[in-house]
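To keep things simple, chains are lettered A, B and C as they appear, and every chain counts its residues starting from 1.
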């Protein structure tokens, strides 16, 4: 495989980073001079001419943006994410936080059994979930927002139907306990096996 | 003859079987499988403590199929419908071998960290226009969803317990067979196997029977080819202090 | 200004959305047919040939990702959430799902010859496997995720070594055909349990 060109390297960084980078930072990352970066940016600009993407410059910072003629379409994409119905996984995460929150992400994932970082981000974007000030075991904790509670017509989460029963559910407690850093040791496991099979 | 079999840590019965075959540098065929049948059974017996309880039944199923294949070679008329069904073990193991080999390649790809990345998503709050409540979500829907989440957890929370109960031990089967022989003196193989509910129970029954034959607690007789096998008590008193050895 | 081409529109959506889109959703957003989208994706793929970006596919979803040769560089500017070694059982389950997915849990177990519910749950929590919306014979079906595919640096599962051979393998068909479509009912299970534990 040929070594990637400098243009291509800068393109990768701007694309994945999805934020403004200074020319200096790009030079450091690619281990080249400022002048090399400037030249590569000019080259890149030409390559992008017939695409939907362009380089936007502000001061000595550069970033990729979509061209203005696609503005309407892009707005639609963003609105999709913020408005509209919740996907099933999002609704589940929201429900778990309402009944059993506040929880850390690993705790939510333990209950749902599914990776949930993007879902949490979306719920936060919609103002339904917020990150609390404090943390547990080094993990930020999340809960539903007051806006959401009020939207449901409630004064607090404890007004949810069957709140106490569902909140204290044993299944939930059991899987959360599994998160504890001390699972059965091998010896204990072997012991359990022996008892059952003799 | 003391034998020590050295195998790497294994993940399941097919893995163990594959390691035994590959160590002997054999191709996967019916014949090579019967060659390692004894080693497999000996290994499972020796390692029983280290096999997770929820997996023991899976090991027993394969052990029984191996023993069955072996006994079929010695006694061609010894046919059990339950154990005849499905793809043969050699086919299954060859398939498993292909996936294991492919997984080594995937592991290499995973570890060389030749990774692609999507665009980072914008920091959350910069996009938050305002509170955007989900249409149609009510407290009743939340209640319903929470109940579904909880119900789904039930099997997860109870897996070890359920799996432990699933393991039908050979000892139990031997006891059951002994009890029935005490009552009836004679029993046919079809009759004994007829009460099983699933494949793992069938194979355990079969193993239990072989064990009793080997230890001379019962005798088996087949009058004619294709006729059912009769099981008769030989020395049921020995049942009490029988130490099942698996096969 | 000329009307933007369909290629260009799709490029804008995938770029700005920064997440996987189904072909169907792309068709809706651009108000064209599924076939038009497929053709435009092919065209786009050609346009991207010498750039740092490629189209990645998983099932009927597509997204833009950087090419694997830029991994080292890009790793310095973005966080990778799914690092870490894969255990042997994880690898086995992932391999089977990557080549032969989507599959139900009994199907995976039939190939592995061993219980796989815990390993599947772990893989889902790591974001490497996901449950699909549809089901087969009342069983949920699973497949590998975008994150898994892109972590291998592939455009799609069909880039896996010997993909056609392993995917189309007749042995797989035979082994899976053997699957009992009717697992024990709850009542039968309870009954079996009772008998076993006396």
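In the analysis below, a contact is a pair of C-beta atoms (placed from the backbone, for glycine too) under 8 Å apart; a residue touches a chain by one contact, two chains touch by 3 or more.
Everything numeric in this text was worked out from a predicted model, so none of it was measured.
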**Request:** Compute the centre of every chain as the mean of its C-alpha atoms, then state which one is farthest from the centre of chain B.
**Result:** A
**Chain nearest the overall C-alpha centroid of the shown protein atoms** = C
**Prompt:** Taking each chain's centre as the mean position of its Cα atoms, how many Å separate chain B from chain C?
**Reply:** 28
**Prompt:** In whole angstrom, how far does the Cα centroid of chain A sit from the Cα centroid of chain C?
**Reply:** 19
**Request:** Return the distance between the CA-based centres of chain A and chain B, expressed in whole Å.
**Result:** 40
**Message:** Where in chain A do residues touch two or more of the other chains?
**Reply:** 15-18, 78, 113, 118
**Message:** Give me the residue numbers in chain B that touch at least two other chains, ranges are fine.
**Reply:** 117-122, 156, 167
**Fill in**
In the complex, chain C touches chain B at residues 15, 18-19, 54, 56, 63-69, 71, 74-75, 78, 80, 85-86, 88-89, 91-92, 94-96, 98-99, 111-115, 117-118, 121, 146, 150-154, 160-162, 166, 169, 171-172, 174-175, 177-178, 184, 188, 192-193, 196-197
**Message:** Show me the residue ranges of chain C that touch chain A in the complex, using the header's touch definition.
**Reply:** 1, 4, 8-9, 11-13, 15-19, 29-30, 47, 50-53, 64, 66-67, 69-70, 73-74, 76-78, 81, 121, 124-127, 130-131, 133
**Prompt:** For chain B, which residues count as touching chain C in their complex?
**Reply:** 11-15, 54-55, 58, 62, 85-87, 91-92, 94-96, 98-100, 102-103, 105-107, 109-122, 155-156, 159, 162-163, 165-168, 172, 197-198, 201
**Asked** Which residues of chain B touch chain A in the complex?
**Response** 48-53, 56, 117-122, 124-125, 127-143, 145-150, 152-154, 156-157, 160, 164, 167, 169, 171
